[in-house]
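Each chain carries a letter (A, B and C) given by its place in the written order, and its residues are counted from 1.
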Amino acid sequence: AASIAFASFAVLAVVRANQSLAAARAEVAQLAAERERLRIARDLHDLLGHSLTTITVKAALAARLADRDLTRARNEIADVEALARRTLADVRAAVAGYRDVRLATEIATAREVLAAAGIEADLPRVVDDVPAELAGLFGWVVREGVTNVVRHSQAKRVRITVDQRVIEVVDDGVGVLSAVADAALAASGSGGGGGHGLLGLAERVAAAGGRLITGPADGFGAPGFRLRVEVPALALTSGEAS
Amino acid sequence: AASIAFASFAVLAVVRANQSLAAARAEVAQLAAERERLRIARDLHDLLGHSLTTITVKAALAARLADRDLTRARNEIADVEALARRTLADVRAAVAGYRDVRLATEIATAREVLAAAGIEADLPRVVDDVPAELAGLFGWVVREGVTNVVRHSQAKRVRITVDQRVIEVVDDGVGVLSAVADAALAASGSGGGGGHGLLGLAERVAAAGGRLITGPADGFGAPGFRLRVEVPALALTSGEAS
Amino acid sequence: MTHRTIRVLMADDQHLVRGALATLLALESDIEVVAEVGRGDDVVEAARRTAADVAVLDIEMPGLDGLAAAAALRREVPDCRVLIVTTFGRAGYLRRAMEAGVSGFLVKDAPVERLVDAVRRVAAGQRVVDPELAAATLAAGANPLTAR
């Protein structure tokens, strides 16, 4: 009888656990969505509040100045144009950040973009052997690497290779030729001239305990550009790549 | 033996259910967050992509026209200013919408806003006795009520009182004096002259099975304005207030 | 032949943008805007009627989207080349654009010089891919509506 009573108790516990599972699901989902909304609201506020206010004020100023000082009015309106364009770029980047980055999807998008840009692409078909914890990080490498190839390289060919711990994006373009571009790369650490792409990527890679290496493509096509990210097995900690 | 075996099986099931509870939590949270991000990203695209593009293109046009046709240039600048203003308002509204409205946060915000406006405020310190299902709705009442006080009332003092089913925002300002404002309130149901604030609030309240009452403040300071929302206990259905 | 003006058709449902872009293009001495439409399904008829050399098409339009309009143009008015301008780079758009045989695509907020240059190059039979649009596409990722 004891074991029967125990059995009934256990069955009841199963039922309870299932009920609480459903309740927990709803609650967890709501909390997660709310946290996400708050985060994005903060982002938006910081990202857009300031620049849209500046645009508005400068447009108002240009309107006032049009009758009195055409040169200054023209400068203000040129500022408005540049600001609005940059704000739109910021919005695009922010929206991109809200999307989950997965290696397979990034490769699919890269295939399409490279084809459209007329750049011959040699891309991995299967990326199943990349551990799940690295799929996000490697996805970012593909996205930033390919964006740079399209924007900066003038390459004819690009090749991406992936294995369990290493990913490489190599092109046969102009490479980082000029002192200017070199300086940009070097300075990006100090927030100087260059972009944020590789800097941001380097931070993500470092957070995952890996390293990012850039240099000429050697051999693939001269001089070219090589972007390589390595994450040693030991470095794998939980919850790195976003 | 049979019942013992069954008991073991049931115990195992409890363990399994608990494990799956933890796993489900993580998965559900991630999915919910991602769904929310995608939804907001789409909103952002639509909201900002178009208006920022228009601002950019029109500013470019104004710059080009400045030398040739000053009148048209001036018109373009005026358009840019109006657009930028509207976009900023849209962003503010979006950000506000993404913030979850909770009574406690809304009261904290109201305290700040009223202090900044130089209006003496008597606000509840503790709102723990408001049932969770009403916290969102009552938060909206505080937000809209206080916004209206600041915008329309010219009040010197405002008092908010809350109990389990009733919330009131009372001020000692001008009240709805003029025929114009009365008409606005009345017409808001048909989308006429007045704002949308009270109308929208009335809809939320109705959805929760409650009612919204407006009128003079009687006694608190003449004539004043009183905004009162009552939700009878029976009316409480799940998932009303957003 | 080389000094003939380029006849441009503008299609965009956002009339503020369309008007501004049309005026900007018309300020160039070698460009003439011969038609403006606000719906995708008006594009073919307008291109035929005006003998446009280049159709500048928005993607998201009522009636017919810009990519479908581009495909129809290639079939029915093959002399008219297509330049796609869009606010949003979405994966799927680029692929469809190429399948539709468009000559160029760029972001709508590109600097005027870039737009004017793209119109001239497309008119001359060249292909123009704006790196910024490619970058925007990579950023935006697969369009959930057309994925798979």
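Worth pointing out:
Criterion: contacts are C-beta pairs under 8 Å (C-beta built on N, C-alpha and C of every residue); 3 or more make two chains touch, one makes a residue touch a chain.
Because the structure is a prediction, the values reported are computed rather than measured.
Sorting all chain pairs by how many C-beta pairs they have in contact places A-B at the top. A simple rule picks the central chain: find each chain's mean C-alpha point, then take the one closest to the mean of all protein C-alpha atoms, which gives A.
If you average the CA atoms of chain A and of chain B, the two centres end up 31 Å from each other.
Here the spacing of chain A and chain C, counted between their Cα centres, is 28 Å.
For the pair chain B and chain C, the distance between mean C-alpha positions equals 41 Å. For chain A, the set of residues that touch two or more other chains comprises 84-85, 88, 95, 99.
Of all residues in chain C, those that touch two or more other chains are 87, 109, 111. By the touch criterion stated above, chain A contacts chain C in their complex at residues 84-85, 88, 92-93, 95-96, 99, 105-106, 108-110, 112-113, 115-118, 143, 146-147, 150-151. Those residues of chain A that touch chain B in the complex are listed here as 3-4, 6-7, 10-11, 13-14, 17-18, 20-21, 24-25, 28-38, 40-41, 44-45, 48-49, 52-53, 55-56, 59-60, 62-63, 66, 70, 73-74, 77-78, 80-81, 84-85, 87-88, 91, 94-95, 98-100.
Interface residues of chain C, counted against chain A in their complex, comprise 87, 89, 91-92, 94-95, 97-98, 105, 109, 111, 127, 129, 131-132, 134-142. Only residues 38, 45, 49-50, 52-54, 56-58, 60-61, 64-65, 68, 76, 79 of chain B touch chain C when the two sit together in their complex.
Residues 14, 16-17, 20-21, 23-24, 27, 87-88, 108-109, 111-112, 144 of chain C are the ones that touch chain B when the two sit in their complex.
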